[in-house]
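Multiple structures follow.
Each of the next two complexes has chain A plus one more chain, namely chain B in the first and chain C in the second.
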Partner chain A sequence: MTTPLPPPKKKDPVERTRQPTQPPGNRSREAQGLTAMAAVGRFALQTCAACGQVQYPPRQVCGQCLGDDLPWQDVDPNGVLLAETKLHHANDLFFRDRVPWRLGVVGMDAGPSVVAHLAEDCRQGDRVKLSLNLDRSGHAVMNARPEKPGPNQEDDMQLRELSMDPKDRRVLIVNGKTELGLALARAFQTAGAREIFVGHGEPWKASASLEAIRAMDGVTLFPLDVTDTDSVEELASVLGGKVEILVNNSYHLRPGGAVDRMDMNVSREEMDIHYFGLLRLAGTFGPAMRGRGADSAHGACAWVNVLSAYAQINNPAFGTYSASQAAARSLAQCLRAEMAAGGVRVLNAYTGPLDDEWHQMVPPPKLAPDMVAGRIISALQNGHEDLAIGAVAEEIAERLAENPKEIEREIKL
Partner chain B sequence: MSEGGLLSQLMGGILGGGIRVVDLTMTLQPDVPTIVMPPEFGQSWPFRMEEISRYDHRGPFCYWNNLSCGEHTGTHFDAPIHWVSGKDLPENATDTIPVEKFLAHACVVDCSTQADKDPDFLLTQNAIEDWEANNGKIPPRSWLLMRTDWSLKRDPAAYMNMDADGAHTPGPHEDLIPWLIEERDVIGFGCEAVGTDAGQAGHFNVPYPCHYHMHGNNRFGLPALTNLDALPPQGAVLITPPLKIRQGSGSPARVLALVEGS
Partner chain C sequence: MARTGSARLGYEGVAVCVPVTIPYSRYSLRSAHWFCGRALAELIKGAGLAKNDVDGFCIASFTLAPDSAVGLTQHLGVSPRWLDHIPMGGASGAVALRRAARAVQAGDADIVACIAGDTNHVDSFRNTIASFSQFANDAVYPYGSGGPNASFAFLTDHYMREFGATKADFGKLCVAQRDNALATPHAMMKRPLSLDDYLNARPIADPLGLFDCVMPCAGAEAFLVMSADRAKSLELPFARILSTIERHNAFPDDPIQIRAGWAMDVDDFYDHAGVGPEEMDLVQAYDDYPVICFMQIEDLGFCGKGGAAEFVRAHDLTAAGDFPFNTSGGQLSVGQAGAAGGSLGLVETIRQLTDQCLGRVVDNARHGLASCFGMINYDRGLCTSAAILARGDR
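Presenting the complex of A and B:
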């Protein structure tokens, strides 16, 4: 059984906050293939096209037949724990702060033997399930857990160092005036968040979602308008030292493109909310969160951006919206690099059309807010960083990987 | 300026007592609400401010800001070109209105008790005639200012007072405006709410009658005023120049009143 997670304690005011360090981050170009798989939550290894041998660690030519066509394929993640050990000393600063640390060798059913981080309740000879997760440096590592989940499995301290589990963490949801805002508040509460802060702007406009959030326990509302630098600065001065997961779900969709609907005001509003809004949040909440990346087992761990799948490929029916989302996506990549120094991970969740009034004219499939919120929680728990939610977003990701020109011509989804 | 001349008498009053200068202007800040249009329409930008420098690496000697907002933000001046009814009139924009029109006498009608009881309170011609019986006839070329104490509502949600069926804020009755123009030749209508028309005025026979008639007759609007309780019913002089924006439909204004007495 896994030791239950100790509840968060109030901070000792005379003790120095543990400074964030990073686990070793150097990887070969081939090994970054693992990062790509872990980022989207796949368990895939190179598999030789000629002889079928599954490869680990990643390499340029097949270890068996020297074939050089080694595509990444999903493989069976199960195996047997062949050996286990406990590290009591490390020269690496990240592990030095966290010893003892359990490691083991897993003989995979798929063939290779891999060195993996071990969950507390794995014993030599046990059947285990491997997963590929991004660690605090943003690189893929192998984790082994019991094949059948044990009690409190999510409380495992080693895994918690690697994941972004909302349990016992304080969450800021930027916009409580949408159905997604409400769904996120409910999902984080179910996931065991310690406190939930919810922002809301333009108080003269009523919102049923906000009223439903107001009625929830453990949720506090704060005025927040991402288009207003003062407002963002003010809230960061109140909450900056508390927020451990920030979810930027700012959303402003207006149909129209550049030629068919030339409207500078609408386009500027989209940029102001999606791009400058993220920039304002990053500049104010970012430094405080990055400084608290290693502040106990409950430190700051994640920044979630809810983005449109059209950030990756412009949908001309929502042309300027897509462009503003692309700008936000680019900035999110900058944020990811800057926050990495503190071990705070940036999760980009790409959604297809939501089932809301601004997608009234778009045919299904459309996403229910609860589903989007649920997928975000699960991506945090499992340490992913690029999440395609729903059929449209998944299809876009797939077709972009296959042939970007094809989807550019056919996007009228 | 010769001693004892008109302007030196005026300055004497302002500096030596006898004339008070009252600020009728709201402070421009990011939480000042702007008028709400249906979301598929164009929207007015709210007031926003970004610091250029504050005696720091961005400019060690100075503090200054970049601003953005719609023309109709905070306490502001509505020019006739703002409304479709006034679009073709001469001298109808902030840069072409003759500047002497930015100085005018004001009549202040206290509706604060009625507005307190009924947020949809409408000021009627009858009420103005009763007011004239006590305070004298409205002189030509005067502002008619509707005091409601609405500007005391500091909470933006209470100030806008919006419901599922629209805004509920006091304003002029639709019959009042043509009468004010034809019978009293007012220069414009001012009030404390976010616009010169009542919150529900979109549902009137002529939608937004204050905008439609006032601007259609080359008259002005002066919404979102404050401190109207500091003005006498008659006798104050208003200074209301908008920024000189080319073909401007309005502009935030620092509205001042000169009031006799200490």
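Presenting the complex of A and C:
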């Protein structure tokens, strides 16, 4: 069984905060294919189109038949643990700070032998299951766990160093005045978050969701208006050093495009909330979170942006909304690169239409906020970074990969 | 045992001589060029040759970069007509030997200097393992950055469970090698090692402890290959080559390494030599970690697969024992000077067979086997080579 996670200690302000380091992040172009798979939570390896041989480590030519068509395909992640070790010495600073560290060699049922990070409760000869997860350098790594999950599996310290598990971490949910805000608060509480901070703006406006959050234990409400730099700075000065996961879930949806509805006020508001709102949060909360990326096993680990799937391709029915989401997405990529130095990962969750008041006129399928929140938690626990939630977002991702022009002409979603 | 003979040409008329070691140091401010250059200086001094009499070079080094053997020719001011750079690390010794021998036999070169040398700056080892190979960068180093310690910990863990070898079995080998090293002037480890010291050592990567691991250092090993006639005219004591083998990426379908290329080639090896394992008076095996010695003892026919632990328990591995093994102390006690580790055993074999020992002497040695292993490209060592040498006539 896995040793239960020790509770976080109260921070001693006199002690030096451990500075963030990253595990080795030097990868070949071929190996970046693993990162692409891990980012979306797939377990896929190169599989030779000619002879079917599964390849690992990644390469450009099949090790069996020399074919060069090696598409990434989902493969059986199970195998046998052939050997294990516990490192007491490491050459790289990230691991040097974290030894002892367990590793194993897994003989995959699919063929290859794989060097993997090894969960505490695996022993040589055991059946194990591999997963591909992004580590703190943002690159894919193989993790081996028991084929049948044991008690406290999520508490495994090594996995925790690689994942973004909310358990015992402090979370800021930027907007508590939506059904999604409430669903996120409940989901993080269920996932074992240590404290939940929830922002709320527009004090003149009542919100049933916010009242429901107010009634929850372990949740603290704070005034926060992402369109007001002073408001964001003020909250960052109070909470910046405490937030370990930040969820930017603010959105502002109004229908209309450029020709049919030229409305500068609406368009400015969309940009102010989606793009400048993210910029204000990034500039104020970002530095403190990045500095605490290695602050114990409970340090800052993740920044979540809830984005519309239309951030990736404009839906003219929500034309200016889509454009402001695209701006936010681009900034999120910048944020991901900047936060990488602290090992803080940026998760972009792309959603289809939510089943809420602002999507009243949008036909189904529409997403239940609880489902969106649940998927975000799971992506944090498993170390993914690009998440398509729901049928609409999944279809957009698939069609974009296949033919971006086709979806530009006929989005109809 | 009757030998059926091999289809391969023999190495008649070839001499291996002038064993040279540039003394090891833990760290050095010198470059690999210095170690290779000093080795060449010692070779020509030992042979009584002028620099330009050496017309062939075979170089092995990890730390010459950005140079290769090519840059070294200009650095050392030589104009060889035959040049080779062997990127096989620990397997380079016997590979260099066999290539040089064929060049001399064919007349492509008269005298080939085989030099393996590396420096060790404070950060050399870390830099070497941080970008060792594409597969290692992609699929090993990001996993704990343990370098070869982690890779050999896997092989050792699996071997122990598969074949029942114990830490004490590995310890016996390490203790015997340390005893041999106590007489070797350039050995890095000069304090006696007891089995208790070995068993109670600081853990490095379970099941490996401190004395299972070589110490990276700077140094060079070198020898000359020329015709026996030339060696005689120079009045150089020499050894003859009875056989050599080389193999890369053997048994790729084994899920984890329990054997290596020697096992593929062992029959031809002894057939070619005309002598068998029972006629070896000393064995120098590649010993970056003891488990790989066990594999060589098995794969080179001294016992069956999985039998090395029993074999080690039954034999005395010191130079004075019934199975003289790594008689200079091996890399485990002398140190691992990068690619020079791949020639350490071969140079010691030449010394033993030409009465030029620096340390412990194996009495009446006629035949010696030197075996080499290198390059954990991903999960296993890919390159193996070996040579059987015999005492040459004067």
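Here is the rule we go by: the second predicted complex is superposed on the first by the 413 of 413 C-alpha atoms of A that agree within 3 Å, B and C clash if a C-alpha of one lies under 4 Å from a C-alpha of the other, contacts with A are read in each partner's own complex, and residues count from 1 in each chain.
Just so it is clear, a residue touches a chain if its C-beta (ideal position, glycine included) is under 8 Å from a C-beta of that chain, and two chains touch if they have at least 3 such contacts.
Predicted, not measured: the structure shown is a model, and the values here were computed from it.
Look at A:229: by the touch rule set out above, it reaches chain B but stays clear of chain C. The partner that reaches more residues of chain A, of the two candidates chain B and chain C, is C. Once the two complexes are overlaid on the shared chain, A:330 sits clear of chain B and of chain C alike.
Of the two partner chains, chain C is the only one touched by A:24; chain B is not. Within the superposed three-chain model, A:203 lies in touch with chain B and out of touch with chain C [touch as defined at top]. Of the two partner chains placed by the overlay, neither chain B nor chain C lies in contact with A:296. No residue of chain A lies in contact with both chain B in one complex and chain C in the other.
Residues 202-206, 223, 225, 227-231, 254, 263, 265-266, 269 of chain A are the ones that touch chain B when the two sit in their complex.
The touching residues of chain B, counted against chain A in their complex, run 29-31, 33, 36, 40, 42-43, 45-46, 48-51, 155-157, 159-164.
If you check the complex, the residues on chain A that touch chain C are 23-28, 30-31, 34, 56-58, 63, 82-92, 94-95, 99, 101, 103-105, 107, 113-117, 124-125, 135, 137, 139, 141-142. Contact residues on chain C toward chain A in their complex (touch as defined above): 125-126, 129-131, 134-135, 137-147, 149-150, 153-155, 157-158, 161, 202-208, 252, 255-256, 378-379.
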